[in-house]
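Shared chain: chain A. Partners: chain B in the first complex, chain C in the second.
This part shows the complex of A and B:
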């Protein structure tokens, strides 16, 4: 559904991303992995038209629709039609002055729902991410990080997106909350048949979650493989090193059992 | 403020934030109550004062403060207390009007500069800079002088020289905010510009705007009094604190109360608005201007 060919990004004359290509089929999860500064987040921004990248082709095919030329689409707006973002730090991704319900409701602003319908939709979205309905009235400062991140999930979910981008969605949270929210992510992905693009630096998470892996290093692609292949036979020495390091630290099991396709509960 | 920020590490951020919010709420309640009491007192004075501000009484010219004229009378025998009351409406009220109009205009220009791309930004900020190039009071004197001395012209002049600070502040804050995640989210979610500006940018710069506005308000009181004292502003026989100073200047030696009371009134008004603004700045400081 999202196909990127030879994407290049230069900022102030410095190359940030060089010849990045990937092809993401519908319903799958792509994990983008790499150290900080490797261009993971820049790639997300470039693919959403927030950064002026050049590319051979960038096609996006929404559900029940024809592929769109994004160059045209990005005149005067950003993002991909029918996609949503979940960012790293939920507290800065939510307007501190707005109640969570308002922030969530704004995600479907374009649908011009009547206030009762909107209220129902917000409650439903909160229920989908396992938050009580009264959370809608709280402001970001009045909830925990985990709850705030769930609210961000609800904000993405309420729009019933085809494609959701996650920019290190779990790294601001502690381990228990990480595990719970990862499970919620998997559940809503299966339930609403969504495609995920997840930027992470946690190989253990990627091993359990990804269908496809894209490893970046210094703006270049080190590996672009199915997750199964990646953890058995990585494409490059750097990836072997990466996997070995993660094993040593204990964040990654010796043998990775891929649950690709079946979307079973996430083994955390 | 630095002390408070250091202690912040010891407290949970939520606890600290709510304590600050509580302080702010308490202060706003106090402010509201004292304003209410003040306004009731002023209204009572208006209703109960036996003298009209422009009513001469040639039998009691230049009389010092007494039981019947608490603050004395001026060279035409008009009651100084009554004139101070009505003069306050000019000084404080006009300054209020001028700064509100300036704040709205400046905010609109700053938001437009910060939000509608580079061309708008460059154009609007160069215009702002060129207005900034003229010293405030001198420009106001020139404009009021060219247009002719009258209250309307003074108000126009003060609005013309007063909006740029707001434009610059709003522009710089909204440019900062435009890169914050929640504004990027709003853009990605396809919210229209007016909604982003109204719901995401404005509420987060409002605290800083409020502080700047109180500052501008008290300065404008000084400007209005100054211009009127120079003869460019409110014209006699209307009472305005600066104009009263001008009227009283000739009798400074024999009837100092003509200068002392309007001067005190200006001092108290400017000081109380300034102190309120400072307190607001302190209370809004760490989650107002900086953190949005």
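This part shows the complex of A and C:
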């Protein structure tokens, strides 16, 4: 569904990304892992046409459609058709002056829905992320971080995107809320058959969520494997070090069970 | 009494308020000499308020009662006359961005700290040894942003250790760093603490991290310490529901526990 071949990015003569390739099938999750400054965020931006990258080919196949060559698509615009973003800090991602419902509704502004339809769509999106409908009237400052992040999720979800980009979606939240939101993410992903690209630091989360792993270091690909293989037999020494460090911090247990979207995974 | 000799920090019945809102409610715990204690809780549990009270800061939350015994010296939390941090406690902020002035060279900031603590601006050999132990070299006239975050964080630890504290407080030591560097920083701090018999108080939302390093763990929620005891015992048999929730969710392999709680709920 999203296929990138030999993506290169140079800024001010400095190489930022070198020969990054990956191929992500529909309905799967790619986790991008790497230390700060390794080019994770630049990769997300480059794939969305927000940075002057060069590549051999970059194709995107939307649902029920022909593959699009993005070189053509990006003449005069950016982004991928029908994709959405969820950012790290919900409080800076949401407009503090707008009620959550308004922020969520803006995501489908282009569909020009009638006000009743829009209201119903917003309530449905809130229900999908397990927020009560009256949350639509609250402002970001009046809800908890977890609820605000769920609202961001609803804002992405309401547009029924094919592909959602997450930039560290859980790192601003505490341990219990992280797991609850991960279960919600899994549930909506399977229900609407969405594809996720997630940038994260947390190898424990990656082990529990990802289908594919892409490890970056200094702009170069250190590993591009299925998650299962990555945690059993990592491709490089650097990846082994990374896994050992995560174990040392207690964030990565010996056995990891994949996050399930079933209601049972939510404790309260 | 033997326990007195072993105990380094003892907090009894600390309460604090912001206006009328109670943010800390009857918090008691203690840290022994050379021990590593973790305080674990979600956002809004009162962890930061507890730290600020220990440091002698009275805003935004004002301590209204409680007794602090540090290294044999007692002080009332509630008495307004005495403010300031007890000597022998050092603090490492969560984020290196908060710890350094971005416009001043690292060496200048280090010397200022050294002057405040030791009274002399000299870059003594003991300081060089300290930096070496943390895996840092010389400053080369660098500014904070020219060092990696891991190095910055270790330098902050170094600055905290300049005053040769008995107790080092680490506020979320791993959350601003990626795992490779976080593990490195923790390893150097642990090695130093072990060698020089410094007690550690780690404040974190991550029980998995506490499980890995702490001898004893306190679990906080809504301003109260609900459990405090040996980390291992606590992981095996948490007594409160919140404790169970945290223990079950400390790792990403929670579905096994989930089945158990689910069947209980079904009954």
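Note that the second predicted complex is superposed on the first by the 254 of 268 C-alpha atoms of A that agree within 3 Å, B and C clash if a C-alpha of one lies under 4 Å from a C-alpha of the other, contacts with A are read in each partner's own complex, and residues count from 1 in each chain.
We take it that a residue touches a chain if its C-beta (ideal position, glycine included) is under 8 Å from a C-beta of that chain, and two chains touch if they have at least 3 such contacts.
Keep in mind the model is a prediction, meaning the values are calculated, not measured.
In the superposition on chain A, contact is made by A:87 with chain B only, not with chain C. Comparing chain B with chain C, more residues of chain A are touched by C. Using the contact criterion defined above for the overlaid structures, shared-chain residue A:110 touches chain B, although it does not reach chain C. Overlap of the chain B and chain C interfaces on chain A comprises no residues. Chain A contributes residues 34-36, 144-145, 171, 173-177, 179, 201-205, 207-208, 241-242, 244-246, 248-253, 255-257, 259-260, 264-265, 267-268 to its touches with chain C in the complex. Those residues of chain A lying in contact with chain B across their complex are 48, 50, 77-79, 84-85, 87, 89, 92-98, 102-103, 106-107, 109-110, 141-142, 155, 159. Of all residues in chain B, those touching chain A in their complex are 14, 17-18, 180-182, 184-192, 195, 199-200, 203-204, 287, 291-292.
Those residues of chain C that touch chain A in the shared complex are 42-44, 149, 174-175, 178-184, 186-187, 205-213, 245-246, 248-256, 258-259, 261-262.
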